[in-house]
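Paired with subunit B in one complex and with subunit C in the other, subunit A is shared by the two complexes that follow.
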Partner chain A sequence: MSRAEAASPEETVPRAEAVRGVSPLWTFGLLRSELLTTFRRWRTLALLAVLAAVPILVGIAVKIETGDGSSAGPGEGGGPAFISQITNNGLFLVFTALAATLPFFLPMSIGVVAGDAIAGEANAGTLRYLLVAPAGRTRLLLTKYATVMVFCLVATLVVAVSALTVGAILFPLGDLTTISGTRISFADGLGRALLIALVVAASLMGVAALGLFVSTLTNSGIAAMATTVGLLITVQILDQIPQLHALQPYFFSHYWLSFADLMRDPVYWDDLTKNLGLQALYAAVFGSAAWARFTAKDITA
Partner chain B sequence: MDEPSAPEPKRDAPGDSVIATQALTKRYRGGQLAVDGLDLTVPAGSVFGFLGPNGSGKTTTIRMLMGLIEPTSGSARVLGRPMPRAARTVLPQVGALIEGPALYGFLSGRDNLLRYDAADPTADPRTRRTRVAAALDRVGLTAAAGKKARAYSLGMKQRLGLAAALLQPRRLLVLDEPTNGLDPQGMREIRSLIRELASDGTTVFLSSHLLDEIEQVCTHAAVMARGRLITQGAVADLAAGARGRLVVTTPDTGEAARVLKEQGAGDVVTAEDRVTAEPPDMDLAEVNAALVKAGVRVRGFGVERASLEDAFVALTGEGFDVAG
Partner chain C sequence: MAPYESDDSTSAGETDDLRAGRRKAARYVVPVAVVGVAAATIGLVPALADSGDPNLPKISAQQLIEKIAKSDVQQMSGTVKISTDLGLPDLGGLESSLTSGATRGSGDGSSADPSAKLTELATGTHTVRVAADGPDRQKLSLLENAAEYSLIHNGKDVWGYDSRSNSVYHSAGHDSADARKKQEQAPATPDQLAKEALKAVDGTTSVSVQGTAQVAGRDAYRLVIKPKDTGSTVGQITVAVDAKTGLPLKFTLTPASGGAAVIDAGFTQISFARPAASTFDFKTPKGAKVTEDKGHENGSLKGDGRHGAPGKDLGKGMPGKDLGKDLGKGPGGMNVIGEGWDSIATFDTGGKGVPSGSEAGGQFGGFLDSLGDKVTGKFGSGTVFKTRLINALITDDGKVYVGAVDKDVLVKAANAG
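Up next is the complex of A and B:
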């Protein structure tokens, strides 16, 4: 609610619209309000705090483990990806932390925020007032999805920044070795870390759409959150069962850890594109389902 | 948005109807018929009382008018446009309080209003803060505007809900039980606010289960029971439809009751030192004379004007209880 923001539409209002008095830009006021509301919730901040704590714990654990000079972990295959490299270069804590949070902590917090998006408003009764304001059902749903996506990005960046900070404090920084064995500069490594964070955030698009769809089915925020997180856990378990081999490529979590391929030189794109394509498919299918459900729903709460 | 949104709400010509429904029906998925063939007409500029016991279909009707619920059949027009299809153009001109206030407990009262105002794409963000402050002032919440809504009393929440309905100049206000949870002083304030708004030309659609409240502020009323519209019209006409009752105040109640029955009065009821009855078809002076002649010490004698409650009981043949 800064003065600069309040005044900006005035300059950008096209002339024809100024005559009518309603600017199409005003429609984004809801998104701004939604972002403010989401990030002022105690629950959102608690989720971000938990996410920020994970790299700190991992970093301290590795530091203690290797305090006597031995290398971390039992070499390849033990613990999250990249963990054995952290002692050589703190930047690897970013990759380790993302690999550690992506299977559960990150999607769980997305599930909580997305599941609560519509159902929580219905539960509190505020949904009816937003709709008679009138927020417009499609506009409200798009705003909610955009907000959940912003939360995905913020959550991922919180993990990455926390990991980078802890990594820089506890371990040396410098040039790093890719999975393929080539050396890249620290700046290049930072760029790849940012790219990986973006890919991780995009990997959560599917869960976000699924959560939003579940959220339109019920008037209980808790039920929607629990269902979304429950689905997440179920899919993660099913992804481990070899007999379901044929179905697994369609699970939203199947290609999640493909972000490690960005640390190859040259980058191996196959699984990365499969992952992003799958996320887009989930977003399209469950986004449409959420829209179909929400625009036809009787609001009785 | 094909109507230019002027800063002042358009005054509605008295002949127009602000709300008009035709055979509006809602059957819920369980098969329960909540609203059954409702033909409601709310004239422009009126303060329209919407009466009915709990469970009579008032809230379902309001939700259909506000586009929250799709009717099973029939149609509803609000401000001359079909709902819910024209919700985007109609609703910015309508302020609503539906089934009590709903707030974000972790936001302050002011921030709650800022959020609801941001939800309206036709609300000017440049004037948002001023309009929110004006709305808070109008309902007497300026001092508590910075407090978290969680800490508000029911009456304060109710006021904040009303403030949300008053964020913009409106042509129609839909207020569902607006005085719920308020103390008598708060009730009086809200009633005078409603009168004030109505005198500015805003049509007020007021649902209530408090008959005297409707009688005090409303010009028109409709009565619903079990999903059906029982009657609608000007409040004065509705009350006139029910006959007044003859009231005799006397210590000799037994004798008075006997004489009244003799004179042809029906439904004689004795309570403490009062005997009431339906007045017989004759000059009431003769009834009084007969009482005095029989030695009844008449301390008071008169006809009590029928209240809306009498009209309601006469119309529904039942008290003001929850429909089963």
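Up next is the complex of A and C:
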């Protein structure tokens, strides 16, 4: 893994300082070095590039398809949410892109980053060195989780910003119509887009905690990533089976698309709060499970 | 990877003593406790929040009905949850192709046409938002997955907007009263369902007030309407009436056969504040497909509005009309036999009528046969189609008897007719 070479110059500095004593600031140093390691990795950059490419592809496809003046999407309203509105207002590309990436691309990249968080270190043989520093396992785990959450936010914002840029270049902007048929100003729409991006990032909290827990179970980074992504796909499939409707409200992906409720006027909060509550529950359950596992684990690598 | 791979349990067993192992195991109590607390919260909070039935001054059924009649809520907004379970067989794609075929036949195929959209309310669970500000401005929105269908009445205009396909339906030029009438006919709010149910109250019905309930955070009386006739498939209708305003908040229709409610429509949230003016302000979005109602569709709009409120058509036999239409036969002149809950609508499809499987032919014919029960009587023979609420007898000579009554009553009516 390239991690060791890439990380060592940044990591040695804060860790050397830390020997003098544990201060709260030190946690930020750890977080900063974790963030730098994560975001300097080619793998992370490639994931972000793929995410940025999705809105570009959607935007160009819609532009080509509607070049002759017809409206986007099949007349009966198929395709991702909001796609029929893109030609009228580029801002809708943000919502369409998020709706298109949320079921798979976003959680998959979160699964890769979260699954790699602990297991990847163990695999590369760097985990024990991280623990030599007086950080404590709990603090290291929290830092790892915080890093994954920052990645969630960055990944979502990459999609949103890329979509907004493409939307602004290819399509007109301006006042927009909410899905309830009322009109809001462009500034209001932009605010809602930002809010939606935040909600989407928060929707990934559950997957992030799940990935981190899986990551503490194994010493193989690849195995942890594959397990997390596999679980993600399994849950998405189970969420489609009507016979399981009694269980479905407890699947972490069940309320993901509720972010579209922010585009109603007035906003319909029921499913949004259910989604956020469910994500918090997943974060608490799998976060504490990861803590129980990680703090009790023998670090052999 | 392989050299680093280690099985933790074996190394733990080698190095750790029992006490350390226990301490480690104890950490797993935390996630288990979190799950436990969450499960308890999910289970208990609704039970705790249900603070019991409110104490309200006693009121007679007559007074309560007057209260409903006098109720004049001009400004309100709220969310209604409607569950309809007519016990129709799960037809899957066939059902939707039937209904879409039927609506496409009457409308022009625009997905923003109210007649096409409100048909959806007839099955399953839906969330509907309603807002009203006086007689001139109302809005009804059907919440869908990442989309919404809105029906907006503002002064002279009635707009339908389907956000999924970005298409608009517009009907203008009706005077306000007419438009209001139309608006009233279309949606299925507890209020409208209850008023329709009360119209059916006569000698054949017993009405009583049975306790109180909390609906959408408001104290309400429970009005129970029961048919006295034993032949009806309607078990009872419960209407929760807001104690302060007299507005019906929840409407539940349970079938005589027991089981889950056939129709359950109730507010989950309601506010009597004036909705924002922008709620009713609709401008056609850029690029939307607009369908103008030329006026000749008035009839079809009204007729199809009834799809949305199956409950209020009880005993009027309207579903029979729909059935007839779905089968592709225009209904002939319709008669109503009997009174009250046991009334049966009958009409002649003209000629050889419907559906023995072999006549209709093909897959569809076999399907029809599998749905119905063959019956014979003085009238000859026919097929009874059953749902949990509405039963229909279609005789082989093309007569149709429909009502919210059981099979025997239909056969008796056919024998008499």
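Simple rule for what comes next: the second predicted complex is superposed on the first by the 275 of 301 C-alpha atoms of A that agree within 3 Å, B and C clash if a C-alpha of one lies under 4 Å from a C-alpha of the other, contacts with A are read in each partner's own complex, and residues count from 1 in each chain.
What we mean here is this: a contact is a pair of C-beta atoms (placed from the backbone, for glycine too) under 8 Å apart; a residue touches a chain by one contact, two chains touch by 3 or more.
Please read all numbers here as calculations on a predicted model, not as lab measurements.
In the superposed pair of complexes, A:Trp26 makes contact with subunit B only, with no contact to subunit C. In the superposition on chain A, A:Gln236 makes contact with neither subunit B nor subunit C.
Contact with subunit B, but none with subunit C, is seen for A:Arg139 once the two complexes are overlaid on the shared chain.
In the superposition on chain A, A:Arg41 contacts subunit B only, with no contact to subunit C. In the superposition on chain A, A:Thr165 contacts neither subunit B nor subunit C.
Partner contacting the larger number of subunit A residues, of subunit B and subunit C: C. Contacts of A:Gly125 after superposition on the shared chain: both subunit B and subunit C are touched.
In the superposition on chain A, contact is made by A:Ala296 with both subunit B and subunit C.
Note: residues 125, 296, 298, 300 of subunit A belong to the subunit B contact set and to the subunit C contact set alike, using the contact criterion stated above. The residues of subunit B lying in touch with subunit A in their complex are 1, 4-6, 63, 66-70, 87-88, 91-92, 94, 96, 98-100, 102-107, 114-126, 128-129, 164. Looking at the complex, you find that subunit C touches subunit A at residues 1, 4-6, 8, 11-12, 15, 23-25, 27-28, 30-31, 34-35, 38, 79, 111, 127, 129, 141, 143, 145-148, 150, 152, 159, 161-166, 268, 276, 278-279, 281-283, 285-289.
On subunit A, the positions that touch subunit B within their shared complex are 1, 5-7, 9-10, 20-22, 26-27, 29-30, 32-33, 37, 40-42, 124-126, 128-136, 139-140, 296, 298-300. Note for the complex: subunit A touches subunit C at residues 71, 73, 75-77, 81-82, 84-85, 87-89, 99, 122-123, 125, 172, 176-177, 179-183, 219-220, 222, 257, 260, 264-266, 268, 270, 281, 284-286, 288-289, 291-293, 295-298, 300-301.
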